[in-house]
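In what follows, chain A forms one complex with chain B and a second complex with chain C.
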Partner chain A sequence: MIATLRRTMLFAPGNNPALIKDPQIYGPDSIIFDLEDSVSPAEKDAARLLVFCAMKSLDYGRIEKAVRVNGMDTPWIRDDVEAMVRAGADLIRLPKAECARDLVALEAMVEAAEVACGRPVGEVRLMAALEGPLAVLNAYEIATSTRRLVGIALSAEDFVTSMKTSRSADGVELFEARGRIVLAARAAGVMAIDTVFTDLSDEEGLLREARLIKQMGFDGKSVINPAQIPIVNGVFEPTADEVRKARRVVAAAAEAEARGVGVISLDGKMIDKPIVERAARVLDLARASGAKVGEEER
Partner chain B sequence: MDILKPAVAGTLESCDAAVTVEPRPAGSLPLLELVVESSEGRFAAKVGVAARAALAELGVTRAKVTVRDRSALDCTIRARVLAACLRGAEPACGAEPVAKAAAPWEALK
Partner chain C sequence: MSRTSIGRDIPDSAGDLGKLSPFAGAWARAEGVSAPRKLLSAGRPTKVLSGIDEAVRRSGLESGMTVSFHHHFREGDFVVNLVLDAIARAGIRDLTLAPSSLTSVHAPLVAHCRSGVIRRICTSGLRGKLADEISRGLLEEAVLIHSHGGRARALREGSISVDVAFLGAPACDAYGNACGSSGKSACGSLGYARVDARYAKSVIVLTDCIADYPALPASIGQELVDWVVPMDAVGDPKGIGIGATRISRDPRELLIARKALAAIDATGAIRDGFSFQTGTGGASLAVIRYLRELMLARGIKATFCLGGITSQVARMLEEGLVGTILDVQSFDADAARSMAVNPRHIEIDAVTYADPGCPGAAVNMLDFVVLSALEVDMDFNVNVITGSDGVIRGASGGHSDTAAGAALSVVVAPLVRARTATLVDRVETIVTPGESVDILVTDRGTAVNPRRPDVSAALKAAGVEVRDIGELRELARSITGDADPVEYGKRVVALVEYRDGTIIDAIREVK
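Showing the complex of A and B:
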């Protein structure tokens, strides 16, 4: 499926059968089968086959099936792409994307695989992980590189190493990168996905970071453990008051459209298009959180 | 597909299976010997079926194959058998060079 929400993208090491057999039970919006950093060079072939066979035979329900393939400069990328497109991946996430050329080259590989296996051309979406300073500086170029690209993601561990610093509790070292990525994503009309939070014992820290990136405008966060999913999803879950207001805005917009009225008003105030779009997104998030937002609740 | 050298894939971790393939000397019978050791004995036959299906996919008809199962799903058995066979089909060091055994993705369903 093609996700409209990516609040949480859960990484699962591609060569670990226990971790790839039922990630859907934890409720992430996307599962990212990892063929890259979590798999040693000697096991790349086995991981690729394991993810291929799992995707071919297991039912992951409505969760988006994404795969983090190996980088464009590795000997594994072609096999990764061919196998994952044939296996039915919804999205290919490219690590260490540096410039638009990387995504254009990846798209050519994906398209060739789609044609070879009979999938509709354009069905497989792309996401780019930005892991170095050049990538962050090229964020807009990458975000607009191909129509298949649905999002750009920050990968902070490599980024801070390149920047000769390390990760801190307040994330000051990531402000510039996060700001540029979310700005580029919004300008390009694609999603912005934040980096993983690696301290599994620090739930407060994760909550703080999730609130920060939501406020900055990110669409979601990569996570590395199922226990992180409810925390991050909870941050993106609208409050009952937000849902109530959003329902009224969307209803007012629908009524104005039905009456052929150009100006939308609610409680005597004019409602413009960005407010309607924000309200629609609030309702999308509420639905994803399991809330009923239909007519019957008005 | 010919198994040219011993090879292993998978692990003995829970939900996984360790699969070993070995060449069979010419003239030895049976041509294909499959040994299954399962942590859940009652599933050994099912593991054997999954392993044989994977061997058939690659056309492996002469080898000794050992599957040590740790409650793996069928798709994991399949993946580990495929990986072990493809590794075993690569030429041994110093042997006559032949094409590297790439996964035949177009043939795998």
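Showing the complex of A and C:
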């Protein structure tokens, strides 16, 4: 299932059966089975096999199955891609993407795997994680590298190390990277996903960061613990007032279209197309949060 | 006519009063520690004895009698083992041991069962080595498992008749006023022990803190206590409960707690002036966290919270979110402290808590209760006493009492624990009958007892997804497969008594 919303992408370590057996119960928009950093080199084969079997035999429902494979410069990438495409992954997330060439090379591997196992070519989507300064500078090039690419994500831990700094509560060290990534994503028409928040005991800090990145325009955030999901999803949940306004906007647009009128107006004010788009997105988010929006406005 | 000791003549009888007894001297009929006048320097009367051995001797305990204890010191208890050792030294045998519950620290009782000091046990729970051995046939006679309310009923009715109650107390004065919420081993409420004190023939309080007289208000009053025994320590504070009970960080338990609260809220039970109880298992305790957040957001208050009390509820009392705490058992040091300082944190005994035969059990006033489970079956029957291997490893506690009393009873459990299904075709042992369970909340979905179509309709109307219990069972089966049945022997090692005194199930020995 390809996600239309990615408020939360939950990492599940590929070598941990307890954590990969049912992460869907926590309601993330995507599960990212991790074959990379949470798996030691000695366990790469075992984790790949475990995730393969999990995806083949367990029902993850309507939640997007993503896999973080090992990087393009590792000896595991080919086997990872081959196995995960065969297992039915919806999305491959490439760590340490540096430039468009990495994604083009990955796409070729994915396509070969699709052909080999009989999946429709183009079915598997890609996402790139930007982890270094060069990657951030190449954000737009990466975001437009292939039509399979649906989003770019910030990975902050490696990034701040490269930047000779460390992570702070207000995230000032990430402002430039976040700004460039969300700008590139919007220019390319793909999603922008923010980095993980690692202090599991600091719910207030997670809430602050989630509010910040939502305001910056990000579509969502990678999360490392299921307990973070309701907090982040909650930030993306529209208020009742926002939903009410959005419903009126969408209804007005539908009415104008039905009457064949080009100009949409509400309460005596003209409504532009972007406002209608934004209202539709508010309703999408409200539906994802379990709100009853009513289908008549769509 | 007869003459008093002071020389007055009084009639031998008078109308309805019948035969009259002439006065024979101010202390002629004095018993126990009441004594003739003496110098002030001789001190006030005291019930304090030299130690446990003297207490056993003076209690009048004989072979074949019944002794009782409480479990307010939980895994930190020293009293039961030390008293049983003294009883064994005195050569007393064939006892019925009738504590409110037993924990894994009571493993040394295995030796007393083997040697014949203990012949029979009545308890709410059994854990650890003693439970393992009993499941394998340690005792000839079946253990009687009762609920907290059922035990209170049995003591009140006399179907359990306690000859001597040995009751540990964190503080007690020399005249027998015992208090649970002060002293170095403070455990808070002595709610279960208060019933023993009221109904036992002889009551001995053991304490590691002799307080100044009068140590009032007391959990157990001087009028009920025969002797006081000083000890070095009644328990290990680490096992009694230090500081605050932590709310789980396990995302699965938090998820179940959120789902449970959503289901309860859908029924309309969370409104201004409601009442509640939650168990102390991970998910049921976590419900309190989300309940508190919801109450703050809505600006509503609960009139009372009942039960085993934790720091979370004590905090809500301080914040004004809960009007009154009715506390039969305090689970941590914060709760014990709260009882000592907050007049609206009220100690109640087990009769008031849950006795099904008394006209005023507090469980009947509950709007909802959230309870844990080891196993639940397709008829919503709940097992909290035996593991999936058939071995005793839990306690009946207040489970069936609160499930029966509350307007809404909610059971929370993960659908699968490790490789074992929690939702099964047939629970190994029934403690709480399914007819008193309304909602089962698991990490994989929520099911409503078909006996409660009103609850089911309310949940659906509120947009809470309700799944058929059979569908959840199939999901569990698809994950774990079918477990091999436990191999039991013929012998019954324990009987599970329902709160009303009927026997709801029998536990057989495991091979």
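In the analysis below, the second predicted complex is superposed on the first by the 294 of 298 C-alpha atoms of A that agree within 3 Å, B and C clash if a C-alpha of one lies under 4 Å from a C-alpha of the other, contacts with A are read in each partner's own complex, and residues count from 1 in each chain.
Rule of thumb we're sticking to: a contact is a pair of C-beta atoms (placed from the backbone, for glycine too) under 8 Å apart; a residue touches a chain by one contact, two chains touch by 3 or more.
Remember, predicted model here, so these are calculated numbers, not experimental data.
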Touching partner for A:Ile25 - first (chain B), second (chain C), both, neither: second
Touched partner set for A:Pro230, first chain B, second chain C, both or neither: second
First, second, both or neither for A:Gly290, with chain B first and chain C second: second
First, second, both or neither for A:Gly122, with chain B first and chain C second: neither
Partner chain in contact with A:Phe52 - chain B first, chain C second, else both or neither: first
Partner chain in contact with A:Glu82 - chain B first, chain C second, else both or neither: first
Residue contacts with chain A in the superposition, chain B compared against chain C: B
Intersection of the chain A residues that touch chain B with those that touch chain C: 21
Chain A to chain C touching residues, read off their complex: 21-22, 25-26, 200, 225-227, 230, 290, 292
Residues of chain B that touch chain A when the two form their complex: 9-10, 13-16, 72-76, 78-80, 82-83, 86-87, 102-103, 105-106, 108-109
For the chain C and chain A complex, residues of the former touching the latter: 249, 251-252, 254-255, 258, 443-444, 463, 479
Chain A - residues contacting chain B, complex: 16-18, 21, 45-46, 48-50, 52-54, 56-58, 79, 82-83, 86, 116-117
